[in-house]
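Please find the structures below.
Same chain, two partners: chain A is paired with chain B first, then with chain C.
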Partner chain A sequence: MGSKQHDAIVVGAGHNGLVAACYLARAGLKVLVLERNAYVGGAAVSRSLYEGFTYSNCSYVCSLLRTEIIRGLELPRHGLQIIPYEGGCTMMRTGEHLAIYDNHDAMRRELARHSRHDAEAYDRYVRDMLRHCRFIKPLLLREPPDPTSFKPRDIRELLFLGRHFGKLGEARMYDTLRFFTMSCADMLDEYFESEIVKAHLAGSSIIGTALGPRSPGSAYVLLHHYMGSIDGAVGAWGFARGGMGAVTQALAASLTASGGTIRASAPVAQILVRHGRATGVVLDSGEEISAPVVVSNLDVRRTFLETVAPEHLPGEFLEQVRRFKIRGSSGKLNIALDGLPQFPAIPQGSPSTRGDMHITDTLEMVERAYDDWKEGRWSRAPYVDMLIPTQIDPTMTPDGKHYMSVFVQYCPYQLAEGEWTPARRQAFGDTVIDAIARHSPNFKDLILHAEIRTPRDIENEVGLTEGNIFQGELTFDQLLFNRPIPGYAQYRAPLKGMYMCGSSTHPGGGVMGAPGANAANAILRDLGRLQ
Partner chain B sequence: MLTESEPHYRQPLRKTPFHERARALSQLDSFIPWSGYTTVDVFTSVEQEYFAIRNAASLYDLTPMVKYRVAGPDALRFLNRLMTRDMRKLTPGKVAYTVWCNDEGHLIDDGTVFCLAPHEYRVCTAEWQLDWFRASAIGFDVELREITEEVAALAVQGPTSCRLLRLAGVAGIERLKPFEHGGFELAADPAAARAAVPIMVSRTGFTGDLGYELWMQPQDAEAVWDALMEVGRTRAVRPIGSRALNIARIEAGFILPKADFVSAEHTLYLGTERSPLELGLAWLVDFHKGHFTGRRALLEEQRRGPRRLLVGLDVEGTKPAHNALLYTERSGRREAGSVTSATWSPTCKRNLALALVDASCSATGSEVWADIYLNRELVWERRMVRARVVERPFFAPTRRRATPPADY
Partner chain C sequence: MSPARGSTYDCIVVGGGHNGLVCATYLARGGRSVLLLEAAEQLGGAAVTREFAPGFSVSACAHLLHLMPAALRRELDLARHGLTLAGDDVPSTALDTDGRHLTFGPRDPGGLRARAQADADSYAAWQAQLQRLAGALHPVLSTTPPRLGNASWRDRATLLGLGLGVRRLGRRDMRELLRIGAMCVHDLLEEHFDLPLLKGALALDAVLGSNLGPRSPGTVMSLLYRAAATRGAEVLQQPRGGLGALSAALAGAARAAGVEIRTGAAVARISVREDRAAGVVLATGEEIAAGTVVSNADPKTTFLKLLGSEHLDAGFVRRVAQLRARGVAAKVHLALERLPEFPGLGAAALRGRLLVAPSSDYIERAYNHSKYGEFSTAPMLEVTVPSMADAGLAPPGAHVMSVIVQYAPHTITGGWDAQRERFTAAVIDTLAAYAPGLRASIRASELLTPADIEQQFRISGGHWHHAELALDQFFMVRPVAGAAQYHAPVRGVFLCGAGCHPGGGVMGLAGRNAARQVLREAA
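Here is the complex of A and B:
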């Protein structure tokens, strides 16, 4: 491969790297995407680790992926289909359950079964979440303005932000400001009286996050999981047909169709810098590839602490990168099942098993799970977000067999008792399987294979620092113009020609694609290809 | 705590105590959801059902109307702070139509308050209010309980409704005045092996006509229905669905949530809330009774004058102006507002609409132009049609107030 052929190199073929590459290729740039693994996708992958079964190995459900990106990059034409799921539930230790239904009347009656007041308060809760979403949504596909800058564009964007905020009206401005800094538990207490309702909803506030439901800032994380939509239904989640790898496969196909190139098994060792300018990369193999634009899809820590030589970077900037909060707190089990597990708490035929199933039935229980993490051990009674997509998706397993995705919160990156070992990983997996088995008598007998992933495994395999699924905590100090580093929130690295496009940048994690799209926009503007 | 065991994912909607009777008479199988219940939209014919309201008597199942029991030593203080009307004037045996607002003076809902006894009230609302009422009850010694399922409700409306109830043996009903309620009895009927049934009757309704609302225990619902259908068999009595009622309520000029306004509890967009002053309900707002929720904002709005107003329109032509945008001139250059409800009135023989218009076009006699789309065998045509602001209600027969009512 010659060296002067590429206009831009994207380091890492995660969904954001591919989104950025797609937009650059569509603007006419010759783009090369370099991927360390033998497969593309980063944390949005579908892999087969057991004969005949496909897993969504990391991310497992889809909602946040921006409709503008799906349409703009023609992902449906390249094979992407997202199917909303029907419901969900939390199974209780008492043998009872709370079901979530997409039918409003059924949902109301289900909530009223637990608390008539909460059935009404739920409508108010949904209304307020939608109001917050209406505020945030227009900010997702925009470069956050730098409040200290006097550049016309920043001033214009700040005015937009201010006007947009002003449109909320006085009372809602207060609400929105409170919301960004509140704990999820305090927020839910303002609506609900029933423990089980709060426990179910709190799940979204801790996923991927080293916070508990009582930690300030956790309310925003819940909203972050609410602001997606499927076909106009805000807050709805769904399955990508064929697993989450379908997202990145469609992106890869879209990129190829636009003339972009992807090289797998091509780990980047260093980003090359000459005279304060990124000039290309050197691979582990020693091969050098040059390009005037280098875009890193790696998280901000990995990008600047491991891929750029420190002498090229400002000292204080590096110090801030080192301080960037990117803590591992999540584990994942992918389980091949010989049949559909029974859940005695759920009535026969209920759609509740065809969505996200939880087993933590009080906020207290979730907070205790977090306490374990703080003490450097995996939660003894973990929060799990458990789904069996093969009840809906016929493509992932043989007939009659099922795949279960179990997202686990909390699991530390560093154990207090010592390093992660295969035996400890297995013990972690057993803790989760035992917890599920308490709600499903035949679950253990059905297990054919289980992939157990600790934060350490996620870091090793996917490259996410500490296995943090969002490439950095989604707390207010690391959002908007503070994400990832104050002063560097506009996708530009402190080196000319170098950009960031991962979830470390605004608006953050989840399979959203917005960081990739915004980064591409910034690059094209710098190249004079946008007005 | 967990009482309901039926699988509501299979049947999300409840059945009212009248459901079996209604289903047997429903020829079109046309049911719609209403506050968690399945209810009849049309039994056989909207026109025939409508004329039962204006010509004879109609039965309408209003069980899904949300009902609350409000009781306790502070019940009156609580209601008086919550509601825009002076609740101190509401004595046992009386009913009041009222609205309630949030601090911004934006409408939460409208409904009726029944004073059952000192310290004991029933509040009937269009939408669920427990969340709002509970928040409003802070500091008051008051018990709030939703009793929707515990009380079956049947509206008997139309010029012969008093006669119908008398024939069914509801003695003394002719003395009940508008906005009064009382305990009555449906007389025993040995032929039908029926014992006397206690019912509460209020002279209230949503039709603007002579009419009553019957409140009973759910287990008595079918007996009451059967008795009224039996004595009404030869007198053109019909069960009616929501579509027929909607025509009557527009003629009567009554507003409907989700049609003419959206509760400030549900709005997502700023500026879509409505105040009682905008909706022409200033007569329900009593600034002299002392403090109530929304008073300050409403006083300010009254001083400033509302920017838009809900008015009645008489639209030329016969095509109802559903969802029509309104303009100040035929050219359609300046918008004046939009239609919220519309119907052809079979009784008035007029094309009626309720519309929210700029204050500048709200005076009676003002002229606006409605942008109406006509579908002529799938060929769409657009018409600018003249509409005049007229007094509401469009239809207000004197019989609705007469006590005793005419005996036919």
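Here is the complex of A and C:
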């Protein structure tokens, strides 16, 4: 094989691939990142599909990206700016609304308008959620232990977990055990009585997930969306200035500054294996590039079923990869607007339109949206998480125009009635637009262009299997030491020199960057280069 | 713990359900003087046989015996106390509308191979694995859940023992257990099988009695739970005379051990003096003193009604109030003039369980309705014809059909009074698709909704496990944190019902575990 030009190759320039590459480059490795598309970023991109407008095509908000990574990789210096939401709301079918404020007292006053009991309960809720966040956060940037192993490192990590849990104290330990196994609906029932409050909060428990708010385990998904922060403001969400592509652009700039190389439009056809170890990759073009370390940012299914020849992998491992649950359940609309839509439910000048807006006003409505997905059809009354970031960030559109990001839950990858066709995609988009238009009389008239994406479109463009935004469902059987595959949760593939760094690995998806950072750590440890 | 001054009994057991009877027996065998009080005239709680139409008798709630461990039955010597079996190792048959029914049991995949070769192979491996995992989990059921963060050697030893038990499974099985333990049964079945009928039948066992659908994470745990009780070798049995005969045998064992039993004695409250149990007060006003009171009533009844929140701290009361205990299983009893004919089904299969759960999706759809306070017109059914094996339950030539129906929400939109007839009709319609002549042979019917079960058997929410058997209400947090070791936060007050670990289903282990805990704490 040719001269050893690269110490490591990262397959895929999604945010986790870039994070891993950055850390490797900073440790002095010569890193090459190969990206199939002509642009970097994976699902965290800003693209212009309509003249003069920039869309955050897939991922659309920022919060989960670890502060350690933002600071460690100097992302602000490389152009990343995160602007917090000013509020949010759920609009009700009655014309009423629930406003969301990040100011605790303002939030409490708003809740009291709906239920005095819930305003009281909100203190308890926030306190408990923060406690669960504090419990989980130290685990995000650690390699999960293998509970079946007797290796000193695994035992040490298991003891760490045990002690970390033990520090909660007896009463809190039970609460934590329960929280991680509950359904979001049951959890919220323990705090709140008002339907609108529960419906709003439940949104986070289903995003990207093939679960409903009544499915056990959905309370954890809610927490997963809650453990982010912006400048230390826990649970806060914000916009990346210039769209989500700003995150990956900053990462790419940071990588280049550390001496790493990125090649776009360089699709990897296969990972090369010789004598049980990864030796490099071969591109679609036939070009071979060798490196002693190959890191895959692709999801675990794509990595092992499509880019490694099966004879190099243990049969049982492959069987588990095939079983990996990675079902698409989300759609997305990106809409160019001629002006700011009116939402009669929201008082003029309220910050509620400058954050995430929802229109499912009961838990039952959200749960029924899930029932549709189970039957292989898109939700007839979908849960939408819609945002108009251009109210805060005018860089994305021409003056006076707006961009609206509409995340839609649920939308199946495979329709019961048959394959996705352009007509069915349009019908899906119309369902969503009609649902929004019920709350905004001038919305339809303002639409200049709408990009409608089904899970199949997300798969085709971004490469995520089934369009699953987390590269694998966040259910118990696929978390911590089970993620992605029991026995292979430590970022190492069953091949020497090969690693995984995508959201398929612990701690999972969202633009968090933790899998990339953890994978880089594992690689550097194996290379003996961890200080 | 010595009996309070002047009391006649060391222990009073409130409620004569199967767990209460088991608990009382072990307490008496442990040398305690025990009084058992039952509000109804008949012992057995929900494990009773009742005449629902002239000449027709049926097991009111549970209709088969399968979870009670053989060791427990031997210890209680139930055979000597009159328990005989009308049916042993009865088969299960998954009904198919096209008449290609699938009769299978744990040891015999039956007609499966003919229909799905690959599934038959997978089934053997599935059973073997379930059996191995069940073997490792079996000891958990007989263990008092340890307290976390407690320095006691016993709790630490228990945790260590459980950990070692799982380790002993070996790496492969241990990984599989940690992976599937909290999974949904739908996904797990998808991994192993193709035939929808088989998956439906297996999913039925995972959701029976619980407020979950096959796609709800945690349903594999209920399957493992079921398997653990019998170490994976599940044998379904039908006591002669119905489940009431089991209760009679349990009562016999209790009396033989020296337990004094009073029926028709409803306990109004547990009396507490100086922060400890002092005895009970009956509805009649009669006071009976005892230093230890063990409640077989469900946790909500025990803590909120019998004990009263004034003796408990606010956080604990809130946990009890929030305990999920909404039953979703209804019972329909049919008095039949003749044996129903199921085309394609032999008489032998009629001695066992007939399952109407043609696919996992079918069950999920039936479940969907219950989430919104509705019932499905295509319900999931577990059907038995107990009179096949036990002719005494019906007049000569006639038969009794006993049907567990899911999902019947405890609180239904419009109220049960308005829905009863429609519900029964939906069940009969569903059955008629498999047994066309059934409708014409029905002489009488009875419906027990969860609301009826609540009222007739004094179980809050009418849930047959007294509290939903889900991961967040299991083991160390069952029924609620602070009462998972069978004792209430008030000294001398204990729980022994299905609301405790390991739950209900006519298993009896909650009663035995509770008795051991009482004896241990008093020692």
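The rule we apply is simple: the second predicted complex is superposed on the first by the 527 of 531 C-alpha atoms of A that agree within 3 Å, B and C clash if a C-alpha of one lies under 4 Å from a C-alpha of the other, contacts with A are read in each partner's own complex, and residues count from 1 in each chain.
One rule holds for everything that comes next: a contact is a pair of C-beta atoms (placed from the backbone, for glycine too) under 8 Å apart; a residue touches a chain by one contact, two chains touch by 3 or more.
It should be emphasised that the depicted structure is a prediction, and the values quoted were computed from it without experimental measurement.
Of the two partner chains placed by superposition, only chain C is touched by A:181; chain B is not. In the superposed pair of complexes, A:482 makes contact with chain C only, with no contact to chain B.
Touch criterion met: A:351 reaches chain B, while chain C stays clear of it. In the superposition on chain A, contact of A:256 is made with neither chain B nor chain C. In the superposed model, A:148 lies in contact with chain C only, and not with chain B. With both structures placed on the common chain, the touch criterion links A:123 to chain B but leaves chain C unconnected. Look at A:362: by the touch rule set out above, it reaches neither chain B nor chain C.
Once chain A of one complex is fitted onto chain A of the other, the partner contacts of A:169 extend to both chain B and chain C.
Overlap of the chain B and chain C interfaces on chain A comprises residues 168-169, 171. Those residues of chain B that touch chain A in the shared complex are 1-4, 7-10, 12-14, 33, 36, 104, 128-131, 134, 146, 265-266, 268, 270.
For chain A in complex with chain C, the touching residues are 147-148, 166, 168-171, 173-175, 177-179, 181-182, 186, 189-190, 211, 214-217, 323, 325, 364, 367-368, 371, 374, 475-477, 481-482, 486-487. Those residues of chain C that touch chain A in the complex are listed here as 147-150, 167, 171, 174-176, 178-184, 187, 191, 212, 215-218, 318, 322, 324, 361, 364, 368, 371-372, 470-473, 476-477, 481-482. Of all residues in chain A, those touching chain B in their complex are 87, 96, 99, 101, 103-106, 108-110, 112-114, 116-117, 119-121, 123-124, 127, 130-131, 134, 167-169, 171-172, 347, 349-352.
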